[in-house]
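Below are two complexes that have chain A in common, paired first with chain B and then with chain C.
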Partner chain A sequence: MVVLILKIYLLFTVAVMVLYSVRHYLFTLNRLFGEQRMYYQDIVDSELKTLSVLIPMHNEEKVATHILDLLVQADYPADRIEIIPINDFSSDKTREVIEKYAARYPFIKPLHRTEGERGKPAALNAAIELAQGEIILVFDADYLPPKGILKSISVCFNDPEVGAVMGRVVPVNTRRNLLTRLLDLERTGGYQVDQQARYNLQLMPQYGGTVGGFRKREIVALGGFDTKILAEDTELTYRLSINGWKVVYANRAECYEEVPETWEVRARQIRRWSRGHNGVMFRYLLQLLGSPFLSLREKVDGTFLLFVYVVPVILFAGLLDSLTLFFLGQMELFSGLLFLIFLGAYNNFGNFAPFYQVGTACLLDGATQRILLLPFLIFNFFFNLWYITRGFFDALIDVVTWRKAKWQKTERFRKAGSPERIA
Partner chain B sequence: MAEDGALSKSRFAGAYRMMLAVILLLLIVLFVLPFVPGIWEFRKRQDAAPLFVSMDYHKYPRYFASSFRKKLIDSLNDPHAAEGHRELQLSKREQVQIIDQADFPPGTSVEHILYVSRDLASGDSVALRKEVYVRGSARIGPRNRLQALAADGDISIGRGTRFLRWLDAEGSVHADEACRLGIDAACGGAFAIGRFCSFMRLFGLPVQAGELPAGDDEARDRAGAVEVQVPSDSIERNPASIPPLSLKSASIISAESLTVGDYSVIRGHIKAHRDLVLGTHVTVTGNLFAEGSIEIGADSMIFGTIFSQQRVVIRASAQIGTKDRIKSVIGKKGVVLEQGARVYGLVMTEGKGLIA
Partner chain C sequence: MSATPGFFVMQFFMFAFPLSLMVAILFPVMTHALSRMAQAVLAPYFPPDTLTVVQNPFLNRTAFFLALPSVHPSKLFAAVNAVVSLIILFMLPRLRHAKHVFIFLVVVFFINIVSSLFFTFFPERFPYQASDYSELYIKQQVGIWFFAPLIMGLAILPLPASALSKLATLGAAFCYSLVFGTIRYIAFLFILTKATLLCMAILFFVFGPLVDFIYIVGIYSVYVTRLAKKLKGDFTTWKWLY
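Take a look at the complex of A and B:
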C-alpha cells in the first residue's frame, strides 16, 4: 500500500513537472517566434497623471542619496509629481539624508515613521494616506531609476483597465561573484521571457512591488496592503486581478537593482518570498477561480503562478520519494518506450525547462557570453529547492496558527557614495 | 592449468578495474564538461557587466533629428563655416559638404552629408544619399530619394519622393501625394500629407491628412466649442452596444467588440477586448484602447489617446487631441488616416501607415 502511494505520488510529481515545463516552453516559444504585443511606452500625452513616488527606507543611509539624486532628474513635470521617502524606524542617518533633499526640493515630502507597525506594507499604507497622486509608484531604496522611467510607467494608466504596472529589474552588481551572476541570469529569464510572454499572451503578469505602480484610488478602495502578508506585491496582483483590473508588464521600463551578494542573504530572501507567496496562495486560490472578471486562460495562468512556490516542495518530496522507491527496488513504474518518456519528462523537461527560458532571455538580450554560466544554475536550483520548501512550511504554520509574519529587510551591499554603474 | 586459470582471473580483474576506472573518468568528464565554458567565462569575465540600461533615455518624438543636429553642429564647431568639404567625426568619420544655398538640378546625386546654411531646393529625381541639415527651408522636388532631412524652417516635399530614414522640420511640413516618409517624420508645426503617402511615425501640431483648410487653426479646431469634462471615475462593464445619441458619463470596458452609435457623447474612456467601432460625430473625452482594431467615424472628436494592438482607421474629418492636448494614435499593425482627419501629436505604427 505504501509503495503504491509512493508510486502514485511520483507520477503526480512528474505530471506537475510536465505541466510547468509545457508552460515554460510556451513562454519561451512565444518570445522567440510569437507575436509580441505592443507596449504603451510610445504614447505621447501632454496630460500626464499625477504621481506619488514612494520609497520605503529602513536604515538606507548607504543608498538613499543615489535613488533621490536620480529621481530629481526624472523627466516628469515637477508640478505633477511628489516623492515620498518613507523613513521606516531607521536608526542610522536615513532621516538626515532625506531631510537634506526635502529642504532643496519642495516636491520631496518625507514621511518619518517612529510608531505603529513596522515593515514595507505598513509603511506603504501610511504613505498612501498622505499621497496626493492619482498613481502610486514604488521603488525600493537600492534601485537606480533612469530618467524616463516614470513617464514610461505612467502612460500605461491611460488604459482604463490597467490597475498596476511592473517594469523590468536589471541587477547592477553582477560582477561581484558567482551568486550575483547567477541571480542576473534568473532575473533575465524571469523578466525578458516569463513576464513578457505573459503580457503577450494576455495572461497574468505579476506586479513585483518595486519598479512599478498602481492606481491609488483602487488600492484604497480595496483596503490598502495587508500587513500580515509578506508578499504584498503578489497579493496586490491577485487582489486587482480578481476585481477586474489588469496588471501589465513593461519590458522597456528598465531599472537597476542590487541583488544579494552572499548565499545567507539570498537564502533569507528566497525563503521570505516563498513564505509570502504561499501565504497569498492559501488566501486567494478560491477567489481567483471564482472571479467573474478573469478569462479561463487568466485563471489557469494565475493558478500556475500561485503554485509556483509550491512546485519546488512537490519536486523535493518527489526526489525523496524516488530515492525511497529506488532503494526498495520498486522503480519499475513503466517499461519500454513509456519508460523513456517518463525519464525524459522527469529529468529533461522538469528540471531544465526554466533553463531554456534563461538561455532564450540571454539570446534576446544579446548576452552571448554569460549564457555559458547556464549549467551553474543547477546549484541555484537545489539551493532554491531547499529554502523555498522551508518558506512553504513557514507559510503553512502561519495559516494554521494565525502567526503574524515579521517583515525582514534584505541587507544592502553597496558602499555609501558609490552607486555601482555600468561600465 | 591452475596457474593459467589464476593468470587469466588476475588479467580479467585487472581489465575490470581498468574498465571501471575508465568509466569513472568518463563520468567525471561528462559531469565537469558542461561547466568548463562557464568556468572559463567566470574567470575571464567577458560578459560580467550589467545589462545595458540607458540612464538618460527619455521619450522624445523628434529624437532622431535633434540628435543629428546636435552631433553635426558640435562637430562643425562653427555654424557659419565657409563653403567646402570637411571630414568630421560623427558616429564615424564622414565627408560633410557645407553650402550656403543649395539648388540641385534634376537628376543630381550627392553621396555625402550636406550642411546648408540657408535654403535648399531640388529638381526632379534628385538623390541625396546621406543626411542633410538645412538651416533655412527645404523645397524637395518630385521623385527625389533622400536618406534623412532636418530643416530649421519649413519643408515641402514633391510627389512621389521617398525618405529612407527620417525627416524633421522646426516649422511645418507639406508632403505631396504618394510620398514615402521613412520611419520617422516630425515637425514643430502643422504636417499636411497628401493621399497615398505612407509612413511609420508622424508627429505634428497637427498631423493633417490632406490640405490644411484656409483660415486654420481656430476655424477647424472644434475643441474650443466643446466643454471637455474630466473623464468619469465610474466604470460600466460589457454593454452590448451603445445606441446612437447616447450620453454616458462613465468609462466603458467591454470584453467583446463594441460599437458606439452616431452622435453619442462618452465622458470617459473606452476599452474593448476586441474591435471598437465609433459611428459618425461621436465625442469621447477620454482614451480609446482595444485589443482588436479601432475605427473612428467621420467627424468624430476624441480628446484622448487611441491605442490598438491591431489597426486604427480614422475616417474623414475626425479629430484626435487639440492644440492644448497633445495625444497619440497608435495602431500596431497599421494606421489609416482619411482625408481631413487630424491628429494633434503622434501617429505611429509598426506596420504600414497610409493616407487614404
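Take a look at the complex of A and C:
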C-alpha cells in the first residue's frame, strides 16, 4: 500500500512538472508566432493623470540619491506629479538625503515613519493616505527609472478597466558575477516571454510591486495593502483581478534594478518571495476560483500562477519519494520517467523560466553571448528547491499559527554616489 | 527564414518525431549494441565469462543489458563512509558564500549517507546487484533517447532559422546523447563493480538524467547564440516589433 502511494505520488510529480513545462511552452510559442498585444503607448493625452510616486526606503542612503535624481528629471509635468520618499524607520542618513531633495524640489514630499508598523505594505498604506494623485506609482529605492517611464505607465490608466500596470524590470548590475548574470537570464525570460505572453493571451499578468502603479481610490476602497502579507504585489494582483480589474503589462516601460550579488542574499530573497507568494496562495485560491469577473482561462492561469511556488515543494517531495522507491527496489517502472521530472525541475521554479523560454526571450531582446550561460541555470536547481521549500513551510506556519511575518529588506550592493551606468 | 506554426508542426513530424519513433522501434537493437560495446570495453578487467549480455522484456519488447558480478561493501566500509559523509555534511555550512555549491553537495552527501546507512544496517536487503542497476540504467537511457529529440525539437524547431540547421542540431544532440549514454554506461558499471555498489544511488540520481539535461540545454544555447548573432538587427524577423 505504501509503495503504491509512493508510486502514485511520483506519477503526480511528473504530471505537475509536465503541465508547467507545457504552460511555459505555450507562452514561448505565443511570443514566437503570436502578435504582440500593444498596450497604450501610442496614446497621446493632453490631460495627464495626477501621479503620486511612492518610494519605500529603509536604510537606503547608498541608493536614495540615484532614484531621486532620475525622478526629478522625469518627463512629466511638475504640477501633475508628487514624489513621496517613505523613510521607513531608517537608522542611517536616508532622512538627511531625502530632506535635501525636498528642500530643492517642492513636489518632493517626504514621509518619515518612526512609529507604527514597519515594512513595505505598512509604509505604502501610510503614504497612500497622504497621496494626492489619482494614480499611485511605486518604485523600490534601488531602481533607476528612465525619463519617459512615468508617462508610459500612467497613460494605461486612461482605460477605465485597468486597475494596475506593471513595467519591465531589467537588472543593471548584470556583469558583476555568475549569479547576477543568471538572474538577468531569469528576468529576461520572465518578462519578455512570460509576462508579455500572459498579457497577449488575456490571462493574468502580474503586478510586481515596483515599476508599476495602481489607482489610488480603488485600492483604498479595497482596504489598502494587507500588512500580514509579505508579497503585497502578488496580493494586489489577485485582489484586483478577482474584483474585476485588469492588470496591464507594459513591456516597453523598462526600469533598471539591482539584483542580489551574493547567494546568501539571494537565498533570503527567494525564501521571502516563496513565503509571501504562498501566503497569498492560501488566502486567495478559493476567491480566485469563485470570482464572477474572471474567465475560465484566467482562473486556470491564475491557479497555475498561485501554485508556482508550490511546485518546488512538490518536486522536493517527489525526489525524496523516488529515493525511497529506489531503496525499496521499485524504480524500474519510473526509470524512464525520471527524465521528465528533471525536465520540469530544470524549468519550473518560482518565476524562473524554462530554458526554451529564456532562449526565446534573449533572441527577442537581440541578446547574444549571455544565452551561452543557460546550462549554468543548473546552479539554481537544488538551491531554489531548498529555499523555496523552506519559504513554503514558513507560509504554512504563518497560516496555522497566525504568525505575522516580519519584513526583511534585500541588501543593496551599489556604492553611494556611483550608480551603475544605464546601458 | 521566418517560421510559421504550420511549418513548425511539419518540421516536428519530419525531424524530431521520426528520431523518437526510431528509438521506440529500434531500442532492442540499440541496447544490444550498447551492451556488446560495454562488454568489449570492460572484458579486460574481469575474469573470462563473467560478463554476459542478457535480455529482459521492456515495453512489450526486449531490452538488452550487461550482466556482471557485484562487489558489496563491507559493513565497516559503509559505516566509515557514513561517518565521514556526516562530518563533511556538518562542515559544509562553512561554504557560506557559495550556497549554490553547498546545497548541491548537501544533496550528494545526504544520498551517500542514506546509502551507507543502508549497507551498514540492512546490507542483505539492498534490492540491486550490479546487473539490476545495469538493467535500470538501460531502461532509463531508452527513456532519455526517446524524449531528447522530442524536447530538443520542441525547443528549436519553432525558431526562425533554416530547416537544415535545425535538422543538423537535432542530429548532433541525438548523436551526443548516444555517445554520452554509452560512455556513461561503461563508466558507471566499472565504478560499481570495481569500487562499490554503495555509490549506485548517487550515480543514479545525481549523474543520471540531470546531466543529460545539461548537455541538451548546452547544445540549445550554442545554437540559439549563433542564431541570435545572425538575426541581430534584422527587425523583419519579428514583424510585430514595428
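Some points to look at:
Keep in mind that, in the parts below, the second predicted complex is superposed on the first by the 401 of 423 C-alpha atoms of A that agree within 3 Å, B and C clash if a C-alpha of one lies under 4 Å from a C-alpha of the other, contacts with A are read in each partner's own complex, and residues count from 1 in each chain.
By our rule, contacts are C-beta pairs under 8 Å (C-beta built on N, C-alpha and C of every residue); 3 or more make two chains touch, one makes a residue touch a chain.
Predicted model only: the values in this text are computed from it and were never measured.
Once chain A of one complex is fitted onto chain A of the other, the partner contacts of A:403 are absent, as it touches neither chain B nor chain C. Once the two complexes are laid over each other on the shared chain, residue contacts for A:323 go to chain C alone; chain B is not touched. Once the two complexes are laid over each other on the shared chain, residue contacts for A:331 go to chain C alone; chain B is not touched. In the superposition on chain A, A:355 makes contact with chain C only, while chain B stays out of contact range. Residue contacts after overlaying the shared chain place A:369 against chain B and chain C alike. By the touch criterion stated above, A:33 is placed in contact with chain C alone, chain B being left untouched. Of the two partner chains placed by superposition, only chain C is touched by A:383; chain B is not.
Legend: residue contacts after superposition of the two complexes on their common chain; A:172 is shown touching chain B, with no touch to chain C. The residues of chain A shared by its contacts with chain B and with chain C are 367-369, 372-375. Looking at the complex, you find that chain C touches chain A at residues 3-5, 8, 96-101, 103-104, 106-107, 111, 114-115, 118, 126-128, 132, 135-137, 139-140, 142-144, 146-147, 151, 154-155, 158-160, 201, 204-205, 208-210, 212-215, 217-218, 220-222, 224-225, 227-229, 231-233, 238, 240-241.
Residues 37-38, 40-47, 70, 75, 144, 146-148, 151-152, 158-161, 170-175, 178, 181, 184, 188, 202, 217, 244, 254-256, 365, 367-370, 372-376, 421-423 of chain A touch chain B in their complex.
Chain A makes touch with chain C in their complex at residues 25, 28-29, 32-33, 35-36, 179, 262-264, 266-267, 319, 322-323, 326-329, 331-332, 335-343, 346, 355-356, 359-360, 362-364, 366-369, 371-375, 377-383, 385-386. Within the complex, the chain B residues that touch chain A are 34-35, 37-38, 40-42, 45-59, 61, 203, 231, 233, 235, 237, 251, 253, 268-271, 286-287, 289, 291, 304-305, 307, 309, 324-328, 330, 332, 345-346, 348, 350.
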